[in-house]
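Both of the next two complexes hold chain A, though its partner changes from chain B to chain C.
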Partner chain A sequence: MGRLIYVIRQYPILLILAAFAVVFALASPDFGRPDNITNILRQSSMLGFVALGMSFVILAGGIDLSVGSTLALATVIVTVMSRTLPPALGINAALFAGVAVGVINGVLVTRFRFQPIIATLVTMASVRGIAMVFSNSQAIFGTLPNDYFLLSDAELAGLPLPAILFGIAALLSGFYLHFTRHGREIYQVGGNEEAARLAGVDVESIKITTYAICGFMAAVAGLILAARTQSGEAVRTGLGWELNAIAAAAIGGMSLMGGVGTIIGTVSGTLIIGMMSNAFNLLGIDPNWQRIVVGVLLAVAVASYSNQDLLRALRSRANRAAAPPGAGAPGAPAE
Partner chain B sequence: MKRVAVWVIGNMNFAILALLIVAAAIISSDFLTPGNLLNVLRAASLIGIVAVGMNVVMLTGGIDLSVGSVAAISGAVAASMWSAGDPVLLVAAPLLVGVAVGLVNGVMVTRLHLQPFIATLIMMTVVRGAGLVYTNGQPIYVVYPDFFTAISNGYLLGVPVPTVMFLAITVFTWYLLRFRPFGRYIYAIGSNSTAAFLSGVNVGRIKIIAYVYCGLLAAIAGMVLTSRMKSGEPGQAGVFWELDAIAAVVIGGTSLMGGKGSVWGAFVGALIIGIVANLFNLLGVDLEWQQVSRGLIIFLAVWIHSLEGNERVRMWRASA
Partner chain C sequence: MAPPGENKTMEPFLRAEGISKAYPGVKALQNVDFTINEGEITALVGENGAGKSTLMKIISGSLTPDSGVIRVRGEEVTIQTPRDAQALGFSTIYQELMLIPELSVVENVFLGNLLATSVGTVDWGRMRRETAKLLDQLGLSIDTGRHVRELGVAEQQLIEIAKALSTRSRLLIMDEPTASLATEEVTKLFEIIRELKANWMTIVFVTHHLNEIFEMCDRAVVLRDGRIVGDERIENLTEDSLIQMMVGRLLAGAHKERRQKSTVADDAEAVLSVRNLTRRPELDDISFDLKRGEIIGLAGLMGAGRTELVRCLFGADAIHSGEIKLRGEMIRVTSPGKALRAGIGLAPEDRKTEGLILNLPIVENVSLPTVHTRTSLAGIKHRTEHREIHSLSERMNVKFQSVRQHVGSLSGGNQQKIVLAKLISSNVDIYLLDEPTRGVDVGAKEVIYDLVRELTLQGAAVIVISSVIEELVRVCDRIICLHLGRVTGEFAHGDFDLDTIMLRAMGKKITAAPGAPPPDIEQQAEPV
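Let's turn to the complex of A and B:
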């Protein structure tokens, strides 16, 4: 029990996640059904991969607007190459392309000293263009073998394969960020880049690595999406995903200034967004209202993270008001 | 010769623009015809107006992702106001909506301490949703009165009205930024907001005004768009305008860190984007390669501008 309280104090986002789950389960009887839960997990895992990659970049103080385009490129590469080649080759090529886009982002940011938003705006435009060139701006159907669709449809022990892959990726990411030297250096770079450099951290390679990881994750999401839609498409695929991924990380408590945030937060943020759109659909709420509610939720979440001192002041004032006269303010120095 | 080179580095924007126009004229004989030039100017005006507002916000070190949604909702509001037959509200209501969204942006950034990217991302989503809810997700088709149609189709002394508005807004904003205290405060905040605060600048209020100004200009662009389309499109209008506007501003050399750059940068940036798009159309370049080149143009422009800050270039300029 004490352990549980510790975890919740450490990660209040888990409590919010649970609260949302309970509210939705009460609001809609279909929400808690096993097949619906499976559905949510399968849906969320794609955005989840993108959000995980985005977390690495944001933690190091950057941002990546190109993930939606990378995702579209991955769907195009795997479908185009499967016309003549085995899909394993296409999968590898798509992943390689994702990493390549990330490295280009990283080089633009570190060597050319571009602002992250500008650097990834460049690749956002050009990478989508390259995907359009490869696919002739046409949707590509019928090239993928049936086995490939297992990437989205297969279930292991009742859990959808994409969700299992996402879970593994999240565990590895969390482990990497918290228990390896390189992971800690990512936090260091995001927290104070100059201090990290003076402490001997190779800032440039850390940054390039985070963008490469982000590109890789976006490509994985693209591969799963290609299996789910059984097609590849360059013009509309992945539009706006960069903003959803940033929103997931921000709801999870990640600061865009870098150095603050956890993988648990990002995973929770992803699940909150996924549960919300699922529950709203079940309840028959207008999707346009969904945008408004998600926006307001994001505002409340981020405003409460960025105004901790204000909240603390309000709380202590409330405590003082509640305490009997002469009891002393909580937190006052002990005699 | 050296003096020319120094001028070029000091006025990189206009040098790039001049070079581009010469190159375009050589590549395509159709480019330098009056009709085509007016086309370029008219097409560049909408994004240009938005980019001017974006430039003001970016000079404070902020960013505004909500401009596309503001343009969409302002068009939808204009269309529904004229459906109700009210010519005063037709003009006033969309502008008020733009001001209101800018105000919320500014308050979230300054009073709630949200990062500008997140605050305006929220408003981008919320305002787009609000526009769709307001019109029930359907476009509103209207027949606008003549004075309102004129803001997109009319001519003033042979120049399209949107272009006249674009130029007038740029000159006015340049005047504000260059000669009014408000403008000087904007630069002071963008260079060092703590220093500005300690010098007695009301940082919060100036930033809020910057976001309001940006929202107002986005609403004006949305009104021109709805006047041209003869409909209010809450879902389709203004999508990705924020990215186009940011591209125009950074092509013009304004830094995302704030404090550096001129509103003429946004003006030239919008024209450069417009000229390149026009040239590609004249030459019949595929849509796919146009998309690839969009990124490369931003890359080239930002890279050229980064040379201005290069140590060796600066030394060389100082020696001239």
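Let's turn to the complex of A and C:
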């Protein structure tokens, strides 16, 4: 019990997640049924992968708008290549393409000193363009073998495979960020880039790595989506996912300034968004309202996090003002 | 740790030879030879802009010199990155502490050197234990899991020291470590530094507080204008001789150019009266009158409150109490816009970030504050704008190819002239100039000061801040010394005396008559 209180103190977002679950369960009798839960998990895991990748980038102080396009590119690559080649090749090519997009983002940001939002806006546009060229802007059906669909449909011990994969990815990410030197350096770079640089951290390679991880995760999400829709499509796939992924991270308490946030937060944020869209479907609420509610939720979350900062700042300021004006006096008496 | 005493007669711990570093337009360091002896505390002193920080950054690997070599115990080393310096056992504590506020004390102490377990993961347990040990050693009792942002400045500084100890550093460079500490915190810091020294740590102490040098250091190295001008054991120094080295007498000839007498009429009207102006904690009870045609110089150290004072007068910062009268009328300047309309203009200290918009053309920079006066229904009257700027630039001898040229492409001196042109074209008659000659070459300095004098002859009044007191002595009618936000001295034109002004600016009181042999210096009481 004490342990539970400690965990909730540390991660208040879990409480909010639980509160949402309870409210939705009360609002709709279907919400809590096992097959619906499975459905939520399956649905959320794709956004979850994208949000995980986004978390790495945000923690290091960046942002990645290109994930939706990368996701679309992955669906196209795997479906196009499966026309003639075994799907394993297509899967690897798609993952490789995701990493490549990430590395390009990272290089634009570090070597060419693009602002992250511009660098990834560039790739957001051009990667989707590439996907459209590959697919001729047509949806591609019927190229994937039936086995491939297991990526979305298989269940192990009652849990959908995508959710299991997402769970493993989240655990690995959390471990990596907390227990490896490189993971900590991501926080350090996001927290104070100059301090990290002066402490000998290779800031550039850290940043490039986070974008590469983000591109990889987006490609994984694309592969699952291709299995789920049994197709690849370049024009509309993944539109707006970057915003949902950023929202998931921010709702989970990640600061867009970098250096603050946890994987538990991002996973919770993802599940909140996933549960909400599921519940709204069940309740027959106009999907357009979902967008509005996500927007409001984001505003509430960010306001509550940043007001913590504000309160803290005011408090420390009051302390400083209360200190005697001699504070800051450089000279101690000589004798 | 090296055995004490053995290296005294051998190679110094560190020897930098022929270090030069130039920035566009400025030679920050010129052929500097600098040695640090093992187990000593070396003071690196000099005025603002003397090159202290540049030298320090070169040794700590965050800047690479244009030329020169560094030897450690006689062996040549290359320091290209902060990591190289770290590997040599150098740690630097910058004035702006390099900590990560949102991370824990443990992680900050081991920043860049996280300990690993046998399988390569981060060993939080061991780091926590070692951090607790280090903090204990430094007499700091805080939870190692706390976020650094929750700590006070003094505690944060100790975290930086713990960081240096955790890497078993042998050289600790501290840049103005006392700048933001209260008196008791300074005392505590000094105790710790003494203890480090007793444990054979070599320390470089960058400061411009004389009492700290005499209290703590074994040797003082003085930099001026990017050159070493003095290197003495502390026993052979007096405060006077040290100040002399810092300020330099090379400019003695410049005194001839000094105005013979003040051109301000005794009964000139006070255009700006400041009474009991207070902004805590930076400014405390400041009062003075600025007369028509007068140039007042503000002398003081960094953090004395000079910049804060002019920013308050310009409405850029709020004042907490006190009043400002403009030509006898009470005014409240609550924004720079109001100040400009009242005829008060500021040329800020950092012209690149506050005074100019570097990537806009000259013409738009100059007309920025006044663009509304040149606008008609048909838009901005560009022709008038250009004409005015050409006449201004001719007067000020600004060199540029076109008024469409970006300000960022001009030299420092010319940029400063553009800042002034901006003020002149806004028709202000009270000029607040914050370090108008920093990073400006000698010729441009003259033009700037000539222009300032010319303005006052036309009836403007000027407050100028400079860290170079000779400059103030040359151009001002009156000099006011600030120390820790208070006025510690006011000198009329006839009473200008470099040493006295310098001492007052450093917060010392002089009881003997000016000019009397060795002035009796006593520490001024700290404000409480």
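Note that the second predicted complex is superposed on the first by the 308 of 335 C-alpha atoms of A that agree within 3 Å, B and C clash if a C-alpha of one lies under 4 Å from a C-alpha of the other, contacts with A are read in each partner's own complex, and residues count from 1 in each chain.
Convention: a residue touches a chain if its C-beta (ideal position, glycine included) is under 8 Å from a C-beta of that chain, and two chains touch if they have at least 3 such contacts.
From a predicted model like this one, the values you see are computed outputs, not experimental measurements.
Q: When the two structures are overlaid on chain A, which partner does A:Asn92 contact: first (chain B), second (chain C), both, or neither?
A: The answer is neither, since A:Asn92 touches no partner chain.
Q: Give one of first, second, both or neither to describe whether A:Phe112 is in contact with chain B, with chain C, with both, or with none.
A: So A:Phe112 only meets chain B here.
Q: Using the superposition on chain A described above, determine whether A:Ile246 touches chain B (first), chain C (second), both, or neither.
A: first
Q: For A:Ile63, decide between first (touching chain B), second (touching chain C), both and neither.
A: First partner only, chain B.
Q: Based on the superposed arrangement, let me know which partner A:Ala303 touches: chain B (first), chain C (second), both, or neither?
A: First partner only, chain B.
Q: Going by the contact definition given at the top, which residues of chain A touch chain B in one complex and chain C in the other?
A: 255
Q: Using the touch definition from the top, list the residues of chain B that touch chain A in their complex.
A: Going by the criterion above, the answer is residues 63, 65, 108, 112-115, 117-119, 121-126, 128-130, 132-133, 137, 243, 246-247, 250, 255-257, 286-296, 298-299, 302-303, 306.
Q: Given the complex with chain B, which residues does chain A contribute to the contact?
A: 63, 108, 112-115, 117-118, 121-130, 132-133, 136-137, 243, 246-247, 250, 255-257, 286, 288-292, 294-296, 298-299, 302-303, 306-307
Q: Which stretch or stretches of chain C touch chain A in the complex?
A: 60, 62, 81-83, 86, 92, 94, 98-103, 107, 111-114, 116, 120-122, 124, 149, 178-183, 186-187, 190, 209, 211-212, 214-215, 280-281, 284, 301, 303, 484-485, 507, 523, 526-528
Q: For chain A, which residues are in contact with chain C within the complex?
A: 178-181, 183-184, 187-188, 191-192, 194-201, 255, 259-260, 312, 320-321, 323-335
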